[in-house]
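Take a look at the structures below.
Both complexes below contain chain A, partnered by chain B and then by chain C.
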Partner chain A sequence: MGKLTIGCFASLVGSTNLDFAIKLAGAAMEKGHKVDLWVSGNGTMISIKDQRPFKDYSSLEKPLKELMAKGLNVTACEACAESRGYHHDNTLEGVKRFSMDWYLGSCFDADRVFHIGGE
Partner chain B sequence: MATTKLGFIVQRPGYKSENPKLALTHAIASQSVEIYLKDGDIVTADIAFIGDGVLNCIKGQKAVENYDLNSTESHIKMSLLLDLNVLVCKEDLERFGMTESDIVIDAPEFGAEVEVKVVPYTEISKMMEEMNHLLFF
Partner chain C sequence: MKLVAFVSDYKMTVDTLDRLKPEKLGIILVQNGVYHATTKEKGKPSSLLNYSADYYVLQEDLETRGLSGANVIDSKVKVIKFGDIVDLMFNEYDKTAWL
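Up next is the complex of A and B:
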């Protein structure tokens, strides 16, 4: 089985790119692949805990938690998160926070990199 | 010992979105990625500005004065200081009526020894074929 690294820079609310990234991660994991998910820029919005789900806005806390429980490796860009006021104490349990070199390190041994830029 | 080559392709104009700056900061992060790798393994970053992305390279940006932000120009210069390969599409520059004299080419004030290369798209295409992974911004 392979390793897929997904980088997503799009926001949780405002596009469905993160929705797609999570669905892709789930599909790859179901096939037995290892998946790293890097969120940077506005994509770090997905790392905030206690998202209140509405039907008019994307809400990915529940599927993200389910996938992390199955082994999805999620890391948020620490500087991007901090600049937006997303601090360690309101970060979803299990989401790691590192600097941008983490993403490149994940790309190093990935069989495929799927990069979704921001809006 | 292994090398993974990443190509950062910037297609969007600066300041309208965060993408070009994130492309550069992520590319610059290739200089500190070793902490996640085994001894001898490296990640290289090549950067290409194409399409509207060439507008990021205009020199004389006043981002500090107007927004109190580091300019994209300064990030390009930092990339040169780190010896990253920075390419700009010649045809797309010409499409905007621009020449090499309109864009940042070197960064002697940063101590950079390499320069931005203005090249035909065929050379950028060749660079992209040599990469292990491409990241579009």
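Up next is the complex of A and C:
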């Protein structure tokens, strides 16, 4: 088994890149791989806790928590989060916040790197 | 280099693919990119299907758009799931690109 690093640079509301990243992370973990997930830009919104799930709206807090409980390693870009008003006190428990160095370090010893989004 | 490119949109401006010269190319159609596998314009299939590549389309993204494998217009495009994507990434290719 190997290590997969996923970097998700999600776009605005309606972009399903974050959903894709979470599903791929889950599928990779199911196959026995270790997964690091880095979120940047608007992707940092996934790090906010207590988001209200609406029926026809993408809500990733629950699947994210489930994957983190199984070992998904999630880090949000601190600068991107802070610039959007996402601070420590409203960050989902278990989601770390670091600078981009963390993402580069994760890529360095990954078997596969997958950089999603950026549009 | 063995490259798998994820096409996530249904825009024809994917000239990036013209510039990529890997020894092996895989193209996985995801999100709105699945329309490349199901849609004809003026009677012709998408030009994106003309590369010498292995083609795949994500079943879940077909289904969320009310489509299925039956709507795929070219048999060379294989319908796959997220688990298959992981296997392709780890076993068949070594680099990825998101377009």
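What we mean here is this: the second predicted complex is superposed on the first by the 115 of 119 C-alpha atoms of A that agree within 3 Å, B and C clash if a C-alpha of one lies under 4 Å from a C-alpha of the other, contacts with A are read in each partner's own complex, and residues count from 1 in each chain.
Everything that follows uses one rule, which is that a residue touches a chain if its C-beta (ideal position, glycine included) is under 8 Å from a C-beta of that chain, and two chains touch if they have at least 3 such contacts.
Every value quoted in this text rests on a predicted model; they were computed, and no experiment measured them.
Enquirer: Looking at the overlay on chain A, is there a clash between chain B and chain C, or do the two fit?
Expert: fit
Enquirer: Using the touch definition from the top, say if A:L24 reaches chain B (first), chain C (second), both or neither.
Expert: The second partner, chain C, only.
Enquirer: Which partner does A:N42 contact after superposing on A: first (chain B), second (chain C), both, neither?
Expert: In the superposed model, A:N42 contacts chain B only, not chain C.
Enquirer: With the two structures laid over each other on chain A, which partner does A:L104 touch: chain B (first), chain C (second), both, or neither?
Expert: first
Enquirer: What is the contact status of A:H33 with respect to chain B (first) and chain C (second): first, second, both, or neither?
Expert: The answer is second: A:H33 touches chain C but not chain B.
Enquirer: Answer with first, second, both or neither: which of chain B and chain C does A:V113 touch in the superposed model?
Expert: It touches chain B and chain C both.
Enquirer: Can you report the vertex angle at chain A, computed from the C-alpha centres of the three chains with chain B and chain C as the arms, to the nearest 10 degrees?
Expert: About 70 degrees between chain B and chain C, seen from chain A.
Enquirer: Between chain B and chain C, whom does A:L4 touch in the aligned arrangement: first, second, both, or neither?
Expert: In the superposition, A:L4 contacts chain C only.
Enquirer: Go through the superposed model and pick first if A:T16 touches only chain B, second if only chain C, both, or neither.
Expert: In the superposition, A:T16 touches chain C alone.
Enquirer: With the two complexes overlaid on chain A, what is the closest approach of chain B to chain C, counting only CA atoms, in Å?
Expert: 6
Enquirer: Check chain A for residues that touch chain B in one structure and chain C in the other, and list them.
Expert: 112-113, 115, 117-119
Enquirer: Could you please specify the touching residues of chain A with respect to chain C in the complex?
Expert: Those residues of chain A that touch chain C are 2, 4, 16-17, 20, 23-24, 26-28, 30-31, 33, 111-119.
Enquirer: Where on chain A does chain B make contact in their complex?
Expert: Touch list, chain A to chain B: 7, 9, 40-42, 99-110, 112-113, 115, 117-119.
Enquirer: Show which residues of chain B lie in contact with chain A when the two form their complex.
Expert: On the chain B side, the touching residues are 2, 4, 6, 12, 17-19, 22, 25-26, 28-30, 32-33, 35-37, 41, 43, 45, 133-137.
Enquirer: What does chain C use to touch chain A in their complex?
Expert: For this pair, the touching residues of chain C are 6, 8-9, 30-31, 60, 81-83, 85-87, 89-90, 94, 96, 98.
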